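There are two complexes below, and they share chain A, which is joined by chain B in the first and by chain C in the second.
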Partner chain A sequence: MPEEKKDELIHLTIDGMPVEVPPGTLVWAAAQQAGIEIPIYCYHPKMPPLGACRMCFVEIEKVPKPPQTSCTTPVAEGMVVHTKTEKVLKARQGTLEFLLLNHPLDCPICDKAGECDLQDFTLRHGPGKTRFDLHKRHYQKPIPVSNDVLLDRERCILCQRCTRFSSEISMDNGLVMISRGFRMEVGTAPGHAFDSVFSGNTTEICPVGALTASTYRFKARPWELKHTPGVCNNCSVGCNARIDTRVDRVTRLMSRNNDAIDDGWLCNRGRWEFGYVNNPQRLRTPLIRRNGQLSAASWDEAISYIATRLKEIKAQHGAQAIAGIGSTRTTNEEAYLFQKLLRQVLGSNNVDHQHGYFPGPRDQLTGKPWMMTNSIVDIEQASHIVLIASDPYQRQPILNLRIKKALRKGARISIINAAETELDRLATLKLTVPEGASAGVAAKIMLKQVLKNPEVDLTGHEEIRTLLQREDQVIRAGEDLFGARMTTQLQALADELVGAQGAILLYDEMATLEPGNEDLAADLQAIAVLTGQIDRPGAGVGPLFEDANSLGARDMGLLPDSLPGYQALAEPGLDYNEILSNSQVKALLVMGANPARHVADGKLSSGLELLVVQDLLLSETAQQADVVLPAVSFAEKDGSMTNVDHHVQAIHRALRPLPGARADWEILTALARYLGAEWDYTHPGDILLEIAGQNPFYAGLTWEELGAQGVRSLEEQEAAHV
Partner chain B sequence: MPELIITKNLDVPGIDSLAVYQQYGGYTALAKALREYQPDALVEMMKVSGLRGRGGAGFPTGLKWSFLAKNNMPRYLCCNSDESEPGTCKDRVLMERMPHRLLEGVIITSYACHVQTAFIYVRGELTRAAEQVEKAVDEAYAAGLLGSNILGSDFSLDVIVHRGAGAYICGEESALMESLEGRRGYPRLKPPFPAVVGLYGGPTVINNCETLATVPAIVAGGAEWYASFGTEKSKGTRIFCLSGQVKNPGNYELPLGVPMRTLIYDEAYGGGILGDRELKAVIPGGSSTFILGADKIDTPLDYESIAAAGSMLGSGGVIVISDETCIVGAIARMSEFYRDESCGKCTPCREGTFWMTEILERLEHGHGEMRDIDLLLDICDNVSGKSFCPLGDAATSCITSGIRLFREEFEYHVTHGHCLTGPGSKQQAHETVQAVGSR
Partner chain C sequence: MISEQAKQRMRDLASRYPVARSAVMPSLHIAQLEEGYITAEGLQAVAEAINLTIDDVESIATFYTMYYQRPQGKKIIHVCTSISCYLRNCDALVEHLEQRLQIKRGETTPDGNYSLKTAECIAACSSAPALQVNGEFYEHMTNERADALIDALDQELGIERRV
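Entry: the complex of A and B
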């Protein structure tokens, strides 16, 4: 509901209970708020009402022709609703009897049994027996509708949630209704594959056991599962997820609605790609290289060996010979401790991680750190969305759904990309970056046009013109490559942004590493600032980060040129590429990263005297290590992560840690103590307190305060209070 | 013979062409409307004429036009020519034989309702009708009767003929619009009603083919003249589609209020029951309306009288059932239609029509049980008023009224295992054997 209407509430009575709800609320939702269950199949809170299943009947006084469907009826002042009258109960029983006519009684072998709405509502609202004594419809038992989803048409109650998800939410019509009447069934349209990256959501919103995920089929019964609130670890969106585990194995991830982040959806990557947690190849013991072979060692042995070697190397080559490469998937606390170990315990600023290219820790124009200035929710309020060198569908999938939500509200989508993207078919404008050109030069062409626009006020930003003038040759060459038509379109788009009600410009963090995109981040930031598309609702600019804690890693100072909270260092340490190529580096600590993938032949410098790797599996880097320390996954530890729009969210231990493995923060603490530091953290919450005391973006945060849905802490706070 | 209004000149050779239609006064009503009337005056004229929708619901046409929301969305007119109600065949004949009368009605209505784009949605199976309407539209464009500045006025209109793909549900106005927009034919949630949010989100007036074809005559003859036909509340004439076991089935235009007996028995119309059998029952307004017993034969054919007799005038499809017909078999056949045509959107209609048909087929074939009869009534109660659109209600009309009127026939099927009357009865079997034997 819009916030400004909160004070004008509608008053109604449901089953004699007074209820107050905002205008426009459906009777069904009002009853739910009052704790009254009205059974429902077709309705889903994230989709417009359908009114098809005829389950949610209520009787409303003074409304003709009872009963009414509560999912299609908005509340009205003074409305008197009854949910349990004789008429209502008969109608509901009638519908349930209809639904059960052809529904097989295969609950004992159905994955949904135990969390099935048909089973539950039949028990609570249904007739105890059926009067149907004829033959049930039979279909071939499950047929695959995609690589990951199976459909059992006998169990389907045709509520159409899945097909409406396909048409209304993911907007790809992956699943459609086929035939009509009693022959109707769910299926795929001829020539169309149900290959959406969002297909898994249909298995979750299916109220019965009709759509099941191949990864979960016959793996567990719902009542055996332990549910832990968590956050998906697979990209920077940070979708809230419920981690379902059985006997210390992750069986599935289910969505845990957070309107501010995921809007109740998960992508298939988030939902199903947790195999690495359960992987039998997980490391279960520390390894030390002896006679060229990695062999098992005890934790004490391994940590004391590392400490000794580090001290020796520091004594021999100085602290600058030590470097660290951190991770974008470990927690804030771990990233913080990692740089603290390097900087404070070992005395080296050679700390970095793999990330996009940004000029300095902060944008010079605004003084803001490099991050998306708008919230995820802002996207749906935008009138213009420009995706430049970014493809959320592949990289930050759930943002694709938020963009589609904006599209349904009338937003114009412009895509500038060398590759095809899923959103192209829905975009107002798609400009394919030609061979040899770059998104970076497209941004420059747009910036040049913005500077030309008479409505743009350049006061205070004259230097941008000067800077861009130096690029004139690059821009002219770019214009030739783009051609007259696309150049005009880019210029028109730039002009459109000047007067736009709200525009959001998004680029992929990693695209900044491509040739020609060196200034992409800065130029887009400049466009947003000059066109006034920043710091107001529905407007913004920023990078779409790669990993679950990419932004957290930056916040925590896993950067050679800044301390936690983007406090610039006068003398920066070596950056990621330098660490990997500089022969002065003799000891390298790697936490949750795989830099071997980023060096030419996959071989790290032979000059390294000590390579320590903390990881879950024996990665390419770990295979070259002198010491390997087995770490645990996001599902086995507590901590906080910071997502793409700076929501700081808590992850919780859902499984007992793999025997023999330890959380990275525990490993770092142990190592620091061996090196003589007095670290006494007993829980990530202790570390978060320390972070909150130092980092202005985390000021005042506590472990408890993160709660179930996290906190969006965007403002830099002056005074930290602990 | 009473004066014909809608079917006037229907039999004139070549009246489907623009030239002949114009020779017989075609498009003078349009010229008059554009010349002499402001749009609002035409809406008022329809109100005074008392014209009511001929599609089935009988909603006052002028009132419907006046409900159009005033906003800045484009307005549309949909002509519902998806004539699919069993027992109804009037729109088809109008379109095939005199498409220009429909088109003239469409143009006048569009003018009255400030519409600049009109759609004529023709039932998929009516190939000839669609071709005739398309031809008429082409002729009208060529003659300046469609397109920009019609007849030199400042009124412009485009008409698009669209053919359905063969679904009964698309005769339901909102499903028709879904279908027109390229989606699956599903009824929409109401409110909002089409007059507020209709086709492509614009305020939309949707009228039946016959209704629109009546409009030119009202404009030409005046509202009072039209209102002088019919009864106090059911004014004018309409086409009755007489079918079933009657000697002269066909379309007959009559003023509203003529007794059913006249339509069925008068030599000018039905000419009596086929084989001079006894009348058993009549379905007065297409298969979706309640069956009336033979005792209602003197009911006047107007909206109010038929409603008072326990049914509806509906689409004007009068189906005559003689004593030669097994009512269980007839109802089972109708039920199969509703089962096959249910769009499947809502549970009660989708599953209920399936179940009821199964039971009716079982009863008809002598395998039913006595409890099936009350079970049928209870299923009807769980469908009627519980389904998403009126199609679910419609599917139950013949069953509830059939059991009420002819319960003993249903019981006979259970107790005897065959029909009481008609081809499935022992009597009939006996007669057939005799006939074969005497050959």
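Entry: the complex of A and C
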């Protein structure tokens, strides 16, 4: 096999060095691979070449009219490239001298200084002086192109990376080139803001300081920043990010390319919404309620108080009076320990977290747990993508870019949603769910059509027909609400899925909680199974989860009806809503959750004798607590998180933990020990080993193996290995 | 105001191309015909008719010099300044028109009757120097012929000029 591949490679020589690359590779990329730097501004590996900046000149033997732009020239067999000839160096110097004619020398106050390509290339390739002794051009600066992004037109070198990001990648065409020739500038339509949720990427790919982020302006010098590889904590996509910190504060998140997940991009929420980490209101000491007031206590005091009260309550009311609500944003290790504390140490199955509605821990039809069956990369290989009651642009933004990548490859996008979504403009089909109807009914109408389709093989799935027949009245009422035209469109879409080369159906986890959507997850799963759109490349179905570790929380058994690894419990504990409403619950442990937001008047049950809250800030729930324990954020601890397509990824401590606060796994370990358990974890890696030993979805994983890009682990894959 | 008919013409154009975006330039011409120049409303109408963002349309409208960003005179004079006309002294012709109309090249008379512009080659090299008034050619121009042309246009526009 490697022999064969070798034959396909193109052989060329760059600066006397033999290089082998696949056909179609650009000379610039081939040189890069050989470790030869060719300076460049306009090219970006995720976008098609443009050849605008005239910086990447090389001389290629036998090609007339040298020099050539290496970013637009594909390699050819036997090509001989020179990157350092006199002609090339002169051309580069010329380009740089022109770029610097009008470029202001305000580097001392420029955010980009220190990580600026114009600075670096001038140092390495440029002329040391200029022949231009006239006045530089001046513009009003900076001007906002949105609330988040500011434009300095004097610094802009017109490489068009930002505008091509807007047209090619985010496809919002919000940031464009205005005018032409020497008047050309980056901009928007008059009075119009570039308000894309992806706008922050332009500040990162800008090779100079022309586009800067309002949140980061004048906050730090790049060389003062410490870089730590991390994972964004703000939604379930789990984009890889580089956390840049300066003196115990997060200053910004930058993208850290992972082709399988984020494809090199970050959304604005991921990039900039870390204010809670730096929040001066962060809790720095445990608090115990004394005489109705929360007052400071030592860790020993707080933990021993909780342990004593838990023992008392258990003795008085039994273990079933204890319940726990875990987090969708803490690590797998913490979620695992949380349920282990409740189940093994305290003896209660009343464990849950906030999530959508799924019937049972696993889908009955396939026996698979509720998660997206396809990978994120599969999305770009799909021929049909159906977004039903989901809006990735708002909720899992980077998936929206992956869907657009599929769109560029010709995928048909269908959107079924009551609200307008950003993708409507580019969709093949948009069906607005009318007032009174639901996405759930739309799914039933489609499922009914799939069952009617003669090409669908129902063998072994006859029960679906029986089940759906019971819903006939609901479907008929739904068809009336949708009207004849939309019903026909839904049916046509269902028929399209039957023959589709690869279809992916995605719904939002939280949409399953809306009235009429009770069967949404199961019905879509049934559609995917019956149409054969499952378990093959470019096909799949599943929920888009809300938070960074929503799926991990499920995997770890933060569910009343299943143990870690979706091992169903014969006698389930109380679920999220029951925990909050059942007066039998006397002690409630809350880790990184805010259930007070989900009860009618914001007040948790007055029957609670002990409410313990682990959190970063004094949330609505923490304000009502008997004991509050200060926890640390994702930027201050190690651990693993599981994203929406089941990539298990490592997060690393980027900051010193806030003094006085502890990681949730440390808190849980201390509490378990006070309660008499022999827990001796010294690092989340120890806990991961224990998880890997029991949970088939994590079998064999080790902390070291997670590396920089994580591992996509699925039960099926593990089974195949064995 | 962009009339409903104009918007319909844009939509019809869009449907005639395999990719609707291809209709952006003729649609901008329709918008300009309606209002004399490209207004915010014109941008919006084109963007809606062919499903582009308003920023995208602005980018195209500002790239091409024949889409006007400001209101223009009733008569738009384009004097060619490319090589053949240049050799036949178009500079003098432009200066003469500037004197006669009391505006500089690129400007519009305060009464809104004339805009004077220079243009790259208008393909009338054999009869240089040449100019266009609202797209119509006037060739072999001299200062006298230019005066006569403006007189005729004045008359057409009903302008009384004191000499």
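Some observations on this one:
Keep in mind that, in the parts below, the second predicted complex is superposed on the first by the 705 of 722 C-alpha atoms of A that agree within 3 Å, B and C clash if a C-alpha of one lies under 4 Å from a C-alpha of the other, contacts with A are read in each partner's own complex, and residues count from 1 in each chain.
One rule holds for everything that comes next: contacts are C-beta pairs under 8 Å (C-beta built on N, C-alpha and C of every residue); 3 or more make two chains touch, one makes a residue touch a chain.
Quick caveat, the model's predicted, so the values are computed rather than measured.
Superposition of the two complexes onto chain A shows a clash between chain B and chain C.
Legend: residue contacts after superposition of the two complexes on their common chain; A:D172 is shown touching chain C, with no touch to chain B.
Of the two partner chains placed by the overlay, only chain C lies in contact with A:R425; chain B stays clear of it. Once the two complexes are laid over each other on the shared chain, residue contacts for A:R180 go to chain B and to chain C alike. Contacts of A:T188 after superposition on the shared chain: chain C is touched, whereas chain B is not. By the document's definition of touching, of the two partners only chain B reaches A:K90; chain C does not. Between chain B and chain C, the overlap after aligning on chain A sits in one stretch of 99-107, 243-251 or 423-431, namely 243-251. Where the contact sets of chain A with chain B and with chain C meet, they give residues 176-177, 179-180. Contacts from chain B toward chain A in the complex involve residues 167, 169, 184, 189, 339-348, 350-355, 358-359, 362, 375, 379, 381-383, 385-388. Chain A meets chain C in the complex at residues 163, 167, 172-180, 187-192, 194, 425. Listed in rising order, the residues of chain C touching chain A in the complex are 40, 43, 51-59, 62-63.
Within the complex formed with chain B, the residues of chain A that make contact are 49-55, 57, 65, 67, 72, 90-91, 94-95, 97-99, 101-102, 131-132, 134, 157-158, 160, 176-177, 179-184.
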